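Okay, so here's the structure we're looking at.
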Amino acid sequence: MDIDLADLRAHPSSDVFEEVLAEVADDVRELVGVGEVADYIPALARVPADRFGMAVADLHGDLHTVGEADRPFSIQSISKVFSLILATQRFEGDLWDRVGREPSGDPFNSLVQLEHECGVPRNPFINAGAIVIADVLSSCLADPLGELVALVSELAGAEIPIDGEVARSEASTGYRNRSLANLMKAFGNIQGEPDDVLDIYFAQCALTMSARQLATALRFLANDGVDPASGHRVLDVEKARRINALMLTCGTYDAAGEFAFRVGIPCKSGVGGGIVGVIPHHLTACAWSPALDRTGNSVAGRAAIEQLVERTGLSVF
Amino acid sequence: MDIDLADLRAHPSSDVFEEVLAEVADDVRELVGVGEVADYIPALARVPADRFGMAVADLHGDLHTVGEADRPFSIQSISKVFSLILATQRFEGDLWDRVGREPSGDPFNSLVQLEHECGVPRNPFINAGAIVIADVLSSCLADPLGELVALVSELAGAEIPIDGEVARSEASTGYRNRSLANLMKAFGNIQGEPDDVLDIYFAQCALTMSARQLATALRFLANDGVDPASGHRVLDVEKARRINALMLTCGTYDAAGEFAFRVGIPCKSGVGGGIVGVIPHHLTACAWSPALDRTGNSVAGRAAIEQLVERTGLSVF
Amino acid sequence: MDIDLADLRAHPSSDVFEEVLAEVADDVRELVGVGEVADYIPALARVPADRFGMAVADLHGDLHTVGEADRPFSIQSISKVFSLILATQRFEGDLWDRVGREPSGDPFNSLVQLEHECGVPRNPFINAGAIVIADVLSSCLADPLGELVALVSELAGAEIPIDGEVARSEASTGYRNRSLANLMKAFGNIQGEPDDVLDIYFAQCALTMSARQLATALRFLANDGVDPASGHRVLDVEKARRINALMLTCGTYDAAGEFAFRVGIPCKSGVGGGIVGVIPHHLTACAWSPALDRTGNSVAGRAAIEQLVERTGLSVF
Amino acid sequence: MDIDLADLRAHPSSDVFEEVLAEVADDVRELVGVGEVADYIPALARVPADRFGMAVADLHGDLHTVGEADRPFSIQSISKVFSLILATQRFEGDLWDRVGREPSGDPFNSLVQLEHECGVPRNPFINAGAIVIADVLSSCLADPLGELVALVSELAGAEIPIDGEVARSEASTGYRNRSLANLMKAFGNIQGEPDDVLDIYFAQCALTMSARQLATALRFLANDGVDPASGHRVLDVEKARRINALMLTCGTYDAAGEFAFRVGIPCKSGVGGGIVGVIPHHLTACAWSPALDRTGNSVAGRAAIEQLVERTGLSVF
């Protein structure tokens, strides 16, 4: 297919995206199932490796899909974007006194930097940072988890459930996260009791959404903070852009620099196999395929986002 | 002044930029001189702190300036962009086997990560990475320094000199860089003799250019690799974008995440007080003011780039 | 007083030690109260800073004291010697697969090395190492805490109590230890549930003993493993010597190298202000004074041990 | 053979040591040649692996030997003891402001701690520390290397040569040491030019001595600072003991804790295969066998020192 890039940039049309998505699905077919499905808890381990789905939300608010775009999966770390959005909306203090905005430069759950930097996590997308955000939400909201679910559901236009089995499994195996939370508590950067804060964190990781729902819920990030379908402003321009910036520099664990270099757009991934990408002023995409590379990112999902960028010629750079 | 952002995005006109630059210069006036001029070598220490100049190169190839935009200064680490461009053009092996693409997560001359990661620097914009690039150039070019000067001069449209005093001072005080080069040699990631490679590195840091020349030389980065004035392709699209990506994630020392978050565009700074910013598909800017903050970035220069982004509403996000 | 060192070495007599202790108490009088009493829990914080007591157990089994040698205090980290003795006696597997024997080279509760070295603590005298020993005791004894108290009581020749308030306070504020235990659990180096293992650890730290009781309980370490009073063998020669070696290289937190250099004998200190020193083939001493230096060692206690070594001319070197 | 330990302790006789050495040589026969001969420079690489020699100097000043105790070898890091002795004798400032006394807790040439601790090496027996000592000697002596050779020769009772080939090879391959010296210069902890200081350091490592000469030269360390043969005081009591303390805690690279634990006496090893051990108030021993374990210590040499301790029952603990 011959895409007129200049035209696509000016007027991204539905038809073009349908074709592009079909081609992307073709491009990555051989990668689906390559890698390892996360197996640290049973509910993730039993997801078949050979699944793939993808959705693109354009700036008209239209959704385009390919494959199993309606199959719900565990969003895991993608939930960190939603909790950050909620904290950005609702917390009145300075969030950035308690969590940094720098890439972590170390594997995503490292305690080294956290200790060296006195309990202030590098950014809100590493586990320690997301635990601080959960503590922030606890301190300013009466029902932090309820409000988070409400926000996600409203953005996605659907009732979004928490998978209780996943949440319980996370809680019963999450010794490293428990170590992080207690270390930050020792440094005074957690206000609640570590176990209570972790309950929120483990529950948010167990949110279950489809690629379509994720692309829908985060399409406002491609549109300067305004939901393109409803016209509703979710965040002001600057805050929306800054979440994109954080996704670009810190969104894909230890592979963030590599992602920025090769893919060139803000992304956030989760070990459930989902990955969301934002091309500001053009689209929000979500690809899902459960098998992961050694950095914890979906092999086929990552390739699909990369091919979408390649085939459309869109990039933030 | 009332800027029509939509119009500016579509048709950045010369007149608009003149006005914006005047306003930006006003915005940062009180910051000029705030901070500390680099004083580790005499030639830098004696530059007056109260200078400021700025230039913007638009996509028509036109230059717009304010203040001392024609005053030459020591470009220091901004030279790392040029050496990377030259290596990208000329080295036929895989550059990225020898230097990473991840943010460093540590102060810009840290040996810790370098040792921990067996002599492979995190990225080409930290000192260790730029020393590896200098070694790469030594190994594939007969006259690496001569070719670097030729490239920079061609891009800038002017004969660009190396300040011999600065180069000699860097060489005679550069113990930490000498430590880095010898450590990488011990790990086998430097092919030449450390002292020879450092001679190139110290000389490139002593390149002397004005804000106008720097904005001119790097305007192709805002135009998918093509010089907008001459139509000459400097790098192919993908490579040009990737240099922008590296500038965004790694271009401003340990403040890169903060820069991406607050400023939102690819930048590269030097301790001579210069800072270059690229807004892809719109412009390349260079601001200069010698006084630095504690991260080694120009206080007024950084603010000027930030105000330019704020006043034009342009951002990669 | 004129001490005949050669004579003392050959025949350490009671009378000499009484005099030496009186002089040592004089030597350190001005240091008693200098420093800060540990204040992280109320029960420690309210101990008056101006206390001092010291006891020496000689190889005849005789005890010599000065000052408040019979006042009980919280032995804190000195308990790590007892739990190691019990594990050495009773654990049949290889203890040293699970904990190292190297000085830590970092502050005593650092997570950095622990993470870097995959959950295996450097030695049994840093907190992480003592938590592993508590887990080892849990796995091989039906009533680990009961048996520890029984051992300590038998060695001290007195019923040794656990201060319940101290144990509860430790448990309710011990976030950093909780972080350590959960990290080691994540690495698979804790078999029990972290909270259960920590209950033992926090309780052992709350053992309450006097200087006299501590000097008595550990006098076998100066006598190749045999209690000099009863003739009862507590540990075989080699194991007793190895505990002394560990005390010399790792017994005083981050000051171990400094202690070995200046004091030159095996020591183990606790933040309750106690410090035990062993001069093999001569004596075991315990000094107590609650005010601590910034490394967590008693200021006057350390000086008293140092003066005892100086005045007797005894040293392992 | 039946050794009367109590008697040996009281009156170490020549005959006993001859027999013990013969037995030790038997004990370690199967280990001679096990491990890897240092091969980073040709002069070391060509030493046959299957050599073994050992010497014991007793407190009468008598020497007892077995095997190739008169064959000279490259003493390498054992030279750090001699340079420290010379600095202790001659430097009038406070040596310990410039180098620490703590075990390093990291491989022997690590830059991590050195950077973290601002250019002050952990102790004088890691490479960085010995380079600082070489700089100290440069600053207070007109001919530091000449005086070092003179001291060693006097202590050994023989003209001790420097192997020029070894020194040149060390200099031409010593990139990591060059990195260390330049880093410390950057931190201001080296006064001379790094290359000049390294010339001294590389030369001292090339001192060539036999086991007999090393045991002779360091016998004063077992005798409270006095050469037992000549009655000449080399160091005062306290300084001699402190060198023993440093050897115990820091003398065998990263295996120091393990050595203290298993062997229990002060030792200093070198990658030439030599290892010196001191049993205060009893003897100084030197074993040599070129094949090394992965910590850089002689396999058979270490075992020989261990067996000597085992068979005599002597230990500092």
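Letters A, B, C and D mark the chains as written, and numbering starts fresh at 1 in each.
The working rule: a residue touches a chain if its C-beta (ideal position, glycine included) is under 8 Å from a C-beta of that chain, and two chains touch if they have at least 3 such contacts.
Nothing here was measured: the structure is a model prediction, and the numbers come from that model.
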item	value
Any chain in contact with chain C as well as chain D	none
Far-end chain from chain C, centres as C-alpha averages	B
Centroid distance [mean C-alpha coordinates] between chain D and chain B, Å	50
For chain B paired with chain C, centre-to-centre distance based on mean C-alpha positions, whole Å	57
Centre-to-centre distance between chain B and chain A (centres being mean Cα positions), rounded to whole Å	32
In chain D, residues with contacts to at least two other chains	none
Interchain contacts, given as pairs of chains that touch	A-B, A-C, B-D, C-D
Chain A residues within the chain C interface of the complex	110-112, 115-116, 175-176, 178-183, 185-186, 194
List of chain A residues in touch with chain B within their complex	100-106, 113, 122-123, 240-242, 244-246, 248-250, 254, 256-258, 260-262, 264, 266, 280, 315-317
